[in-house]
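Worksheet: the structure to be examined is printed underneath.
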Amino acid sequence: MSYTPIIGLEIHVELKTQSKMFCGCKNDPFHAPKPNIYTCPVCLGMPGGLPVPNKKAIEWTIMLGLALNCKINMVSKFDRKHYFYPDLSKGYQISQYDQPLCLGGVLSLPEGDVRIHRVHLEEDTGKLQHTTIDGKEVTLIDFNRSGVPLIEIVTEPDIRSGEHAKSFLKKLHQIIRYLDISDADMEKGSMRLEPNISVKQSEDEGLPPYKIEVKNINSFNFVKKAIEYEVARHISIFESGATPKQETRGWNEDAGQTFSQRSKEHAEDYRYFPDPDIPPLHFTEQYIESLRENLPELPDEKARRFKEAYQLSDQLIDMLIASRQIAQYFEDAVKEGRNHNLAPTTIANWIINKKVDIHAVSATDLLHQIVQATTVIHVSDDEMQQAIHDVILDHEKAVQDYKAGKKPALMFLFGQVMKKLHGKGDKKIIYDRLERSLS
Amino acid sequence: MTYTFSSQDVHMVAKLANIPIDETQAVSLAEGFTKTMIVLDQLQRIDTKDIHEDYHAVDLENVTREDIVDESRMFTQEQALSNALRTHNGYIVVDQVIDYQDE
Amino acid sequence: MTLHRLTLTKAIELIKSKEVSVQEVHGEVHAFIREKNPTLNVYLSIDEHSSEKGNPETDLAGVPIAIKDNFLTVGLPTTASSRVLEGFYSPYESTVTKRIKDAGGVVIGKTNLDAWAHGSSTETSDFGTTRNPDNPDYSPGGSSGGSAAAVSADMCIAAIGSETAGSIRIPACWCGCVGLKPTYGRVSRAGVIAMGSSLDCPGPMTKTVEDAAILLRYMAGKDLYDATSSNRKAPDYRSSLQKGVKGMRIGIIYMDHLHMPQEVKEVVINAGKLFASHGAIVDEIKLSQTLEKDKVLSPDYAVAVYTIVQRSEVASNLARYDGIRYGRDRSHFGNEAKRRIMLGTFTLSKGYADKYYIKAQQVRMLYKKNFDQLFSSYDLLISTPSPGYALKVGASEGNPMFGEVVDMLNEPSSLAGNPAISIPCYRDSKTNLSLGLAIIGDHFEEEKVLQAAYLYERETPWNRWIHKVDKI
């Protein structure tokens, strides 16, 4: 029997707009000094509060869709999704049902392409905190987060391994950061990950008849581990002759295991219908094109250009384009580096190998450092020979050790020579000379 | 065919709607709803094959707001909590909820 | 003096000319409220200090205005006549009341309605039924029954109501006053407790057509807090009132409906004749069971369409009342609200939404197309909001579709979003009860509706204020 993991991802990303999705409240739930201070009739679900959509959030969602090679729905709308929960102030969440802003994209990865099913825009809920007050178990509600714009990205089940999922998520994260539309911080919950996992048996036709959703995972690594754990678990269930039960599970990092979550008591019937408070959206080609033109250079494009323009290794390029800021820093340095005859490779290596803090060291300072470090100050042969000679005499013990086969002693002696020469001279030549003098 | 409500149907809908009802109410509601459905089912006689449903009577589209914080409409914490039954340190309080909803 | 009997127009005029003071007007209105409210049950809350808030140097000169209790107001509680919201004080003001206050109107009190505006009689109110001031055995109609009764009984100078389908027109008709339901989107819904969001329209309820024109001007216009409010500039409706109907094409509708009584038919046809004598081209439009050119689609199906759309939206709009952030929990909903929430939950539920909700929206479009087509050849349509006089208190009992059937003739224009007015067009001398004339316009053509209504009011004896009060 052979097994194929079938994995899809659902990702939620909070947008970092100034104001909330459907009202003018401040969108900054993580830095709010107090609970329930960024609320208004709309996001607190007061009687008579009416939603008015945030234009920028719509634009950003479309831009993400374009970056993920999606088709943009020229006619879109917002729908109400109903369920009761204390963090949901209106008894419904404004979301998008059958006309999401973006449909059908794809993200290319070395492990295999992952198709994007849809990208839509909705609102976040308030935040719950479980605690005990006066011996009573209670839940505290803070509506500062209620109504924060939230993008939902749903992939097709094209992912085949934990590593594949991680690679997809890293790339998605990178694109989101390039677009500068979200902090996409998993610790804070501004990016939330939910893999759907099943395993297909070789004789299965189509998709497996079940799906496990793992919720509340807050790192790419945990997604990878949860997937690996689940795939192994499903296979062992199949091996025992059973089929995994469809359910929602959570991830326990300490145990390195997923665990079954209490299944929801309520029937899942969200009673979607178009929100009568929000007129439909109708886009023109011209509008979409103007957004496309405003897209920054995205990672793939940048990588291609870097390879062509700077002849760097793939590995180096990957690290340089990790963020727009590093890439920009590198390019600024390269431009200035021309005056110092510094090759892009030298600059790239320096930035990556020395783990340069791009916020602390300006590109100009960086170039100075590189120039200083790579310029060889000439030393005469006599001076070099004298230094080697002196060191051998002064460190008899180390010389004996080396001759007895203790290799590290050579490095010690080399260090002593360099000290005497105050860092001058070509290190390679000095090393060779020292080695020869000892043989 | 008109939809005939059973008291079980009513209980199911009541649960979805989060409205507490007892069995006596369910029975009488089922009867009322079935009567109402006779009226509602008249619609099935109308041919709407070529009609594209629209949800708005007046033709508006693309009504959005600029991404600007509107302090004038924001509540103070005190206002936000002024009608809440239970509060604690600026939070609104409910009995502990145990099941987990979609985020 | 009988200052409580003043029309809005006259009250503003007298205060501005300093013939009477704001305090005198408020004083007499309050005195009359104290006398009448115990029997009529019109007001749920009253601002005893209203006169202190009146500034004569404003457009509305500080006159006392009654507000339906589903508009959020700072300072007075807002209940929607439901125990769920009993004692709720809103931290913010509805756009309509804010605009009225900004223009110098003073909220004197909040009026009774069917709980959550669910009904056509005020009988579903958790705080008791309002009585028809013209005959207390009868219902004032609803859901804006309190506002209509406040106007009719001179317990205010003017009032504001809201309509989903008939909730302004029916009570205005039954109480013998003027009620204008504007075009959907003409007046902001922000801060109004939502019932059917795709249908709700706040509107003036007044003693005269001119009063309605004055109030609408301040109520209407784009609101940044309501995405469905229109960008169109609100005109000065009062300035065009006297333009008349010359050259207008007016169609009479629903007269061949099975349930149209002869008596009502006659007054509507006579109204048509009056308009014709003033230069309008008037003819009768036949009913049709299907969408046909130059015919009016039967309102019979509108009951089903309206019931489904409204119940679905009600179920959704009332989901926020969970007793956590404000109000009491969901067990405190009255029976009518519970019924509507549950039926609306059903019509939106998996497997049934297509058959009911979506189907209803499709048929709704037929009504919209029908009106669009009719208004391509007609300026106005006339009919009646109610095929008869007010019903007796208690008539709604045991009839779960009472409101929908009473409102039937108003449902097509509400579903299509058109503006319409109800003005008194007959008064029975034995019962003291009134019939109403409905004038319906094309989208955003409130001006034409008001022009025709103004002419009718001046040329017929049925408006009790014009033909008595103006002469004091």
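For clarity, chains are labelled A, B and C in written order, and residue numbers in each chain start from 1.
Here is the rule we use: a residue touches a chain if its C-beta (ideal position, glycine included) is under 8 Å from a C-beta of that chain, and two chains touch if they have at least 3 such contacts.
This structure is a prediction, so every number in the text was calculated from the model and none was measured.
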Between A-C and A-B, the pair joined by more C-beta contacts: A-B
Per-chain CA centroid nearest to the all-protein CA mean: B
Subunit B and subunit C, separation of their C-alpha mean positions in angstrom: 25
Between subunit B and subunit A, distance of the C-alpha-averaged centres to the nearest whole Å: 37
Subunit A and subunit C: spacing of chain centres that average the CA atoms, whole Å: 56
Of all residues in subunit A, the ones touching two or more other chains: 40-41, 44, 52-53, 84, 86, 91, 141, 143, 269, 271, 273, 276, 278-279
Shared-contact residues (touching 2 or more other chains) in subunit C: 88, 91-92, 198, 224-225, 227-228, 315, 319, 322, 324-326, 345, 349
Residues of subunit B whose C-beta touches two or more other chains: 16, 18, 55-56, 60, 63-65, 73, 75, 80, 92, 94
Residue numbers on subunit B that touch subunit C, as the complex places them: 3, 9-10, 13-14, 16-21, 29, 32-33, 35-36, 39-44, 46, 48, 51-58, 60, 63-65, 73, 75, 79-80, 82-85, 92, 94
Subunit A partner contacts - residues on subunit C that touch it in the complex: 71-72, 78, 80, 85, 88, 90-92, 94, 189-194, 196-198, 224-228, 312-313, 315-316, 318-322, 324-326, 345, 348-350, 353, 357
Subunit A-touching residues of subunit B, taken from the complex the two chains share: 12, 15-16, 18, 55-56, 60-71, 73-77, 80-81, 88-103
Contact set on subunit C toward subunit B in their complex: 88-89, 91-92, 183-185, 198-199, 224-225, 227-228, 230, 290, 300-301, 303-305, 307-308, 315, 319, 322-327, 330-331, 333, 338-339, 341-343, 345-347, 349, 352, 355-356, 358-366, 368, 400-401, 404, 415-417, 443
Residues of subunit A defined as touching subunit B within the complex: 12, 17-19, 23-26, 34-41, 44, 52-58, 77, 83-88, 91, 124-125, 128-130, 133, 137-143, 192, 215-216, 248, 261-262, 264-267, 269, 271, 273-274, 276, 278-282
